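The structure appears below as structure tokens.
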Amino acid sequence: MASIEVREDTCVGCGVCVPACPFGAISMEEGLAAIGDGCTLCGACESSCPYGAIIIRTEDAGKADIARYSGIMVLAEQRDGVVDHSTLELLGEATRLASADEGPVSVVLLTSDPMDWPARLISHGADVVYLGLDPALSHFRTEPFSKIAEKIIREKRPAVVLAAATTTGRDLMPRIAKNLNTGLTADCTELAIDPETGGLLQTRPAFGGNILATIVCSDTRPQMATVRPRVMKAMEPDAGRKGRVENLDLSPDDLVSRTEVLQWSPLEEGEVDITEAEVIVSGGRGVKSPENFSMLEELASLLDGSVGASRAAVDAGWIPYPHQVGQTGKTVQPKIYLACGISGAVQHRVGMQSADRILAVNKDESAPIFEFCDQGYVADLFEVIPLVIREVRRRRS
Amino acid sequence: MRIVVAVKQVPDTSEVRIDEERGTLIREGVPSILNPFDEYALEEAMRWRDELGGSVTVVTMGPPQAEAVLREAVSMGADDALLLSDRAFAGADTWATSHTLARAVVKMGDVDVVMTGKQAIDGDTAQTGPGIAASLDWPQITFVGRVRELTQDSITAERYVEGGCEVIRSSLPVVITVLKDANTPRLPSLRGKMKARKMEIPVWGMHDLGLSPDEVGLDGSPTRVVRIMTPETSACGEIHRGEPGELAKLIADYLLGKEGE
Amino acid sequence: MNYFLSEELNDIREVCAEIAEKYIIPVRAELDEENRFPSEIIKVMAESDLCGIYIPEAYGGSAEMFGGGSMALCVATEELSRACGGVAVSFAANALGAMPILISGSEEQKQKYLPDLASGVKLAAFALTEPEAGSDAGGVKTKAIRDGDSYVLNGTKQWITNGGEAQIYTVIAQTDPSRGARGLSAFIVEEGTPGFSYGKKEDKMGIRASATRELIFEDCRVPAENLIAREGFGFIVAMKTLDRSRPGVAAQAVGIAQGAMDEAARYASERIQFGKRIDSFQAVQFMLADMATQIEAARALVYSTARMIDAGEKKFEKESAMAKVFASDTAMRVTTDAVQILGGYGYMKEYPVEKMMRDAKITQIYEGTNQIQRSVIASAVIKETASGSRK
């Protein structure tokens, strides 16, 4: 079994490892680091030690034949035949990574109606499109989708498999990874190829975003990751790109499912719960009228986000209470919180301070929000926000 | 109806602070808690037990002190608890964790439903639930916002996904991962607390589960953390001034993700 | 201060603290604003097994587990009051309503009524006060006239806590007006008894989450077996009930004071004036020091009294009164100072301390005004002096 060891001859008792341990399992005893029961062998101390005095040993468990795997495979996501933007982002990232790797960028599209998507996937960076076509694949279901993906992965042996960290990707990928006996890293925000090993460096936030962990899957293949949507960039489509489409042979057995979708109800406008939103565009006293909130709504919907508000805006009757963020409203934890015309009083701050990133637009340079936001923009929101909307539209088109 | 709820002891990440100078996590004084998402899974399990009869068993894999979250679950109303603890389990990633938990479910026998929280707040992977389902070769319904119906041979649940809600029916046995929309977890009761204090909790290790060292813990984990950093946080952030057009571009860069690397 | 509470009493504190955090604090301002009874929260308390902590196991409760019911009630009431004095009194008033049955009820009455109170299926209320009978219980005008197998009640009870929300009422009425206080008797009246109705719900200064209501009896026929103890024992039953419940009011006052002090200390550590946290100013420091000291002294007195009751001491009228006087005066002073520390913010409804100050006031008034309590204490002291006994 794996073990951790402090080399007594090398440890100088500097104590650097003590706070480096995310689990508080290291203490200093008689001038040496001592590993306690809380140790999970996470390796944080090993990399923190300036003297190389902490060593984690693992037993080599027959490495897979890594050399037989190459290329990057993306599992596409579609709804009603329309491929999700996150798939294009993954293709963009895959082409970027593939320049450091050899082998093709492939994409697996399982659908009942391909429309013109195989060609579009090629124009967005795919060298090969594996197309599984069957009426039973119209709506995502765990079992057929994972079985078919597993089969194609075993057959084609990609070095890397990527899917979006959506509810679909996060349902599908752990199942595949478990069955393939390989590693999976969730919700990555950064991917890179290690120039020394050629392995995939997968970086993701953990501990509520307090730390970023870089994870590798060194001994098994493929290296699998789900990737946070809206982090990677899709490439500019190139209609001249060459690629091929390969139709998959599906057996009736592939399509068997013990779950069935009885009903699908899309959310109606305005039903979005702001506490679940990943992006919140929020307005305060500076927004000045209910009509002006529609501008924020427009930006929010472009970003698949929701609209929030400060108490001042809600009390003024510009937007209903369910949108209120703060002490007397909701506490939110989006990936991005864009505060427009919000001064940032502590009552508001307590509701949104755990957002991953806080952006603030305010005319008043002395507004308290500029003291704790990540990115502050001193500007009139009525000038800037319409330009942001235009810019986002332009880049998306 | 026998329902197993897989739970995890996690550091309360809302209490974790960063030592700005050293760039490390300050763990001191951070309480260990029952993963909040698992409370919803536990409540859902207990509601169906209360309605259909049967029992709810909580299980966790962790160091001996993880027993605390099992006692907390019992104080809230779970019937039994089981701790999977072994030095060999240390360093497990989600593959090894789900492998170990699944083996315990097999050993318990006659389990109809495994429920767990959508994800744990320390790792946020959401991978253990589907991993258990894969190991057991059971169907799964993830991101469940509401269980509509549970009978002796099927379950109907609402799965909350991007842009809508799927109503899914599955045969039993099944693995369910639960969202906080599902219910409001009950609080510990006085009687529950007293029962929890006195309860003997069995501990199963690697050999009890018939597992070998290369399929548990760090050695059984395909992934490995090689580096931990703290994200760059500037206490007062960057303040931009300038032309509205320029600022709008900067904002759009931020909103749409990283620019051409 | 470490009072070395038993694990079981600490369980009560933890359960109440969690209810306070999850269920009371988020809605207390709303309950106060809307004058709304916290039925949902009482239900959670029942599910958490809190309703039976002062009732013996033989009747479905768990008092023995806590070494008696007094400390259990005090710990629970204090912890709940830290979040909201109104919600806490809605809980504690059940014990007040049940107390006459617990102290003087027959075995049949205990078997019939206590299990539902212990499980929280039903709530109780105690009805003594009338428009003309507050501190002077002898002035009770509500009559109960024996008629065959029943008593017929006529009259109005005023300011009854849990009135309209409880299902079981213990009511003090005159069975022999010629004997004044010695003509009083105690009865159990169930909701829905013909002739028993509710009058207006009061619009109060504080503890607005609690229900305070008139009870109206018009030829209300109550079975004779609902008489508690015997005719003429009503005054004694009432006094014994209040002696036992006063530490609860005192615990409520300690909790309110502690809640206000917590808010004030937190605010003082965050508020910056003249470039410094205001808790760095001696003027504020001394206020905090006095608040903390007075609260601890009050708590020590309350716990000592409750422990004395649980230990089986028969005479605790004086100590009960002292605990109530000292703790409630402390609550008024501490909440007033908390508002002062928060300054303008303290005076606004957006912060909880103004409500705590309003809530605190009632603790100096109900279950015997502090003036009456001082009379009780003084007469005990004079008696002790006269008899030469040392206390």
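For clarity, chains are labelled A, B and C in written order, and residue numbers in each chain start from 1.
Assume contacts are C-beta pairs under 8 Å (C-beta built on N, C-alpha and C of every residue); 3 or more make two chains touch, one makes a residue touch a chain.
This structure is a prediction, so every number in the text was calculated from the model and none was measured.
Central chain (C-alpha centroid nearest the global protein C-alpha centroid): B.
In this assembly, the chain whose C-alpha centre lies farthest from chain C is A. Distance between chain A and chain B, defined via averaged C-alpha coordinates, is recorded as 18 Å.
Annotation: 54 Å between the Cα-based centres of chain A and chain C. Chain geometry summary: the mean Cα position of chain B and that of chain C are 42 Å apart. Multi-chain contact residues of chain B (touching two or more other chains) are absent.
Residue numbers of chain C whose C-beta contacts span two or more other chains: none are found.
Of all the residues in chain A, the ones that touch chain B in their complex are 1-2, 19-24, 37-44, 47, 56, 58-59, 61, 79, 89, 96, 139, 142-143, 146, 166-168, 170-179, 181-187, 201, 205-220, 230-233, 257-267, 279, 303-304, 336, 338, 354, 357-359, 361, 365, 370-380, 383-385, 387-388, 390-392, 395-396. By the touch criterion stated above, chain B contacts chain A in their complex at residues 11, 13-14, 16-19, 22, 24-28, 30, 63-65, 87-88, 90-95, 98-99, 121-131, 133-135, 139-143, 156, 159-171, 174, 213-214, 216-231, 233-241, 244-245, 247-252, 254-261. Looking at the complex, you find that chain B touches chain C at residues 186-191, 193-194, 197. Chain contact summary for the complex, chain C toward chain B: residues 7-8, 11-12, 14-15, 18-19, 22, 44, 47-50, 53, 62, 65.
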